[in-house]
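The two complexes that follow have chain A in common; it is paired with chain B in the first and with chain C in the second.
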Partner chain A sequence: MTEATTATSVRRLNDQISVIDIKGEITAASESTLMDAFNEASGDATKAVILNFGGLDYMNSSGIGLLVTLLVRAQRQHQELLAYGLNEHYRQIFELTRLDEAIGIHDTEDSATAAAGR
Partner chain B sequence: MASVAQRALNRFRRRKAGGAEAATGSGIQVAPVEIAPNDPLVAYFQTTSGAVDVDNLDFDSPAAEQLKRSGVKLVVPLVSQGELIGLLNLGPRRSEREYSGDDRKLLDTLAAHAAPALRVAQLVKQQEAEVRTRERLEQELRVAQLIQQQFLPKELPDLPGWQVAAFYQPARQVGGDFYDFIDLPDGKVGIVVGDVTDKGVPAALVMATTHSILRGEAPRLNSPGQLLERANNRLFPDIPSHMFVTCLYGVLDPQTGRFVYANAGHNLPYVRSGNETLEYRATGMPLGLMAGMKYEEKEAIIEPGQAILFHSDGLAEAHNPQREMFGFGRLKEEMAGRPGGNALIDHLLDRLRHHTGHGWEQEDDITLVTLERAGGEGLFTSAPASIPGPRNLPVDGENELASFSVGSSPGNEREAMRRVEEAVADLTMPPAQLERLKTAVSEATMNAIEHGNKNQAEVPVDIRVTSNGDAVTVYITDQGGDQPTFETPTPDIEAKLAGTQTPRGWGLFLIKNMVDEMDVITDEHHHTLKLVLRREGEDHDA
Partner chain C sequence: MSDQPTTPSPAEATPEPEQLEAAAVRRSDAGNWAKVSPTLHLENVPEGAINLNVEGRRTASPMQGFGKMWQKTYSVRIPSSIASPTDVVTQWRAAFSSFWPPGNFFYSPFTDLSPGDVALLNLKAVGRVKLSTGMLVMYVDDEAITLMTPVGHFFAAFNTFGAHSDGDDTIVQIQPLFRSGDPIYEMGMPIMSRMEDRFWAQTLRNVAAHFGVEDVEVTQTKVCIDKKRNWAAVKNVRHNSLIRSILYLVATPFRWIARPFKKDADPDAQAPDR
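What follows is the complex of A and B.
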């Protein structure tokens, strides 16, 4: 019950945009999984990384801290971070924490892709 | 004739040497004549007006000799605002006749126009060179900033029972401030605060080197004095001769408050103890000045309620428009009787702004690092003693829906969350409210496991769920006892992205925003978080 149950897969839509599909949890235990996925998603020309939260079961405050760390890394690499697939509850948490001001929140992958790099 | 002059002008070339330069026209191929600034010809041309016959020059001048040898017959000095900026040199007329009065008049008119135009061209060129220099310096500043920020901690250490806060603001010309937290064996933490003399890229590189040496050696060397000694001996052979590094290094045991430190000429750390401010003094030379130095090692206990402040020159040595320094004494006074953590940093920066006034250009980097130990006579907010302790629970008129315990292993908050969800299943709460309850329970249980029970698996977190007509209440109790609730800084996404707040620290903030009411109840042995969600909370608005 304490082991990490986070699974990620990375899709490179093109040179500039990658998607990380997240399944399971975002907690302190997801750190290495998420950071590895982010590395895999970041090519030399990658301008935007889109997080797909469609498969997210659970996220806690440590997970939010992890997203902030990810965001700092993305900004340092001049990459934009976007997200879609958040349910109403986590969307509210993104608003509360103002993460939504730094991570563009979208309903679908298409609208996230269209917004990337704008 | 005009074409000759034109050609001469075209061929006029600016040379790198100072003073005036010249070229010749009229089809004679001559190397441009250079005139030394102290050649008497310069003074002569500056005072004379109009075209000059070279053959008539009869004073001792290397430049005049050279002009003659080159076949130059007539020279028209180009003078702008009393300064000789160039010469128009003409060879013999092609018609082999002497230059006429009309020729000379025409040349004078030409020179009168050409001189200011040439001056303008020279100024433009000079300005372009200055812009390039400025751009290069700006670029260097950016590089220095990049190097320096690369080596600042990305997050603050999470020390149970301690409130840690840090502030760093580079001056425009980036000084060499740095600070660091180093994880050490046995849960101890190494604290580094330093300042490299000099600015810009060289300082940033020395800072990076010092950072790597300290990081590399700290886990192996228990003794702060020995660590500084090692760092000094490794820096000394390579550091540029005019540079050195002041640096304080201390090892803190968060469990006991024991702080062992040594100081290589850095500002003394201040310790706020009630209304007094103490200094932690240890002597030692700055790093990189002399080989083979020894560093005095001291030891102190940071008691519950005390706060320690590490600081660089940027604050205490900030000047106001009257050139008065903020001062170290003032800094100590401002600390006394103040809360620690971000509140202390905010207060000091506020006093600094007050001192310097508006429009102050920051003179040096400002670094402030502070650690406050919870408890004692400290300035944390504790729950008032009159609130009934967990032993007095439950309160009349409430139905107990569930009462259970989970062990204090990370991850057990999920179990707590699942069981609370089960317990309230019959209440048919709106789904959004249920989600908020689950998040609040999970976060509160996580805090209880980590901070209250220190991840000791055998120590239980007790959870009770009650309801009445109006509300659902969850009590989450750990065995931490009189653990005061930290006045944790409100998480701020901008501060976190800027690296001035740890990326973590969202727990309490989330809990408060998920529930309608949150209370802390403590007694000697227990610490309880009471979470209330009102039943009509369908339109709960965070």
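What follows is the complex of A and C.
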């Protein structure tokens, strides 16, 4: 297995919305990093978790599988999963894998936050 | 945006910024993914293949399937002195269908599987029924190939065929992440699941045998990712490839009867029903 080269940081915008900033790669090796970040971002009152992909450098198909798993966890906890910061390449991958139909994609953190509050 | 303090995740300390920069320089996924296309299109249909349920279809990720979501992992170990992960995946790309159990066909338009290729599958089903379906080659790199199913396939899935190092061994692995495609398939899941287990176990044995490793032990794990069924996908039934394949078989005599008339009507018509 390749080494994990993923870094995450969690910001709580308020009780209901958290942001996970992702840097580096998303691969199978990122599983514990991403899941830990998601646990930290999810409180009892959390309604939406926003993923910031602005620092994403590399993603393989295992990484997409990981995002599917993350999405299922969010849905199980009745939380919405949103994303922003995707460049054109990664937007196309979300479209290819049809993840864009399940994860709300936004251009900016502001629009993702506004959508999360709706 | 927010003036709330940033809380580093416990995992943040793991990679240093230099590591991240180095990784970004080292790796690029730009050529590994298929291009987006609204629907699937088959380049060539080989003589004798049944071409149903692929052309013009959309792909379906596990999110678009109906049943519970599962992740299975089948794996075998072979000594890395015999084959590295890259050796295995290179061979898998070049001769993908040759590793399948007999009687099942994977028709790919090109010799090496590449991102964006659409393959036609004819699989042994019930009785004389040949299940006609397909796959999109969604992702390829040195250590993995991922295929994505079309709507109507029995599973809505990402199927990853890969290899990685573990000590002195190369772990060869097949990892489907999937839901059944629709309620009819979900009812058949106990049977389909066993068929799938046998199919992929045999495929792995065939891969190992190709490298001269016989009698390998296939290990298998199965994890339920989502216990909920996705009721929004009930409508997938109208694309059910098994039903369409059965109807195709039932209609065979009528196509034979109609064939001469078709030829009379269109002398330039290409070869017949497959």
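Convention: the second predicted complex is superposed on the first by the 116 of 118 C-alpha atoms of A that agree within 3 Å, B and C clash if a C-alpha of one lies under 4 Å from a C-alpha of the other, contacts with A are read in each partner's own complex, and residues count from 1 in each chain.
In the analysis below, a residue touches a chain if its C-beta (ideal position, glycine included) is under 8 Å from a C-beta of that chain, and two chains touch if they have at least 3 such contacts.
Because the structure is a prediction, the values reported are computed rather than measured.
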Partner chain(s) touched by A:107 [first = chain B, second = chain C, both, neither]: neither
Touching partner for A:9 - first (chain B), second (chain C), both, neither: second
More chain A residues in contact - chain B or chain C: C
Contacts of A:88 with chain B and chain C, given as first, second, both or neither: first
Chain B and chain C contact sites that coincide on chain A, given as residue numbers: 1-3, 58, 60-62, 64-65, 68-69, 71-72, 75, 89, 92-93, 96-99, 101-102
Touching residues on chain B, where the partner in the complex is chain A: 154-155, 409-415, 432, 435-436, 439, 442-443, 446, 491, 493, 496-497, 499, 502-507, 509-510, 513, 542
Residues of chain C defined as touching chain A within the complex: 1-2, 4-12, 14-15, 19-20, 23-24, 27-30, 32-36, 59-64, 69, 71, 138-139, 141, 144, 146, 148, 158, 160, 164-166, 175, 177, 225-226, 228
Parts of chain A lying in touch with chain B, wherever the complex brings them together: 1-3, 28-29, 58, 60-62, 64-66, 68-69, 71-72, 75, 88-89, 92-93, 96-99, 101-102
Interface residues, chain A side, partner chain C - complex: 1-14, 19-21, 23-25, 32-33, 36-37, 40, 57-62, 64-65, 68-69, 71-72, 75-76, 89, 92-93, 95-99, 101-102, 109-110, 113
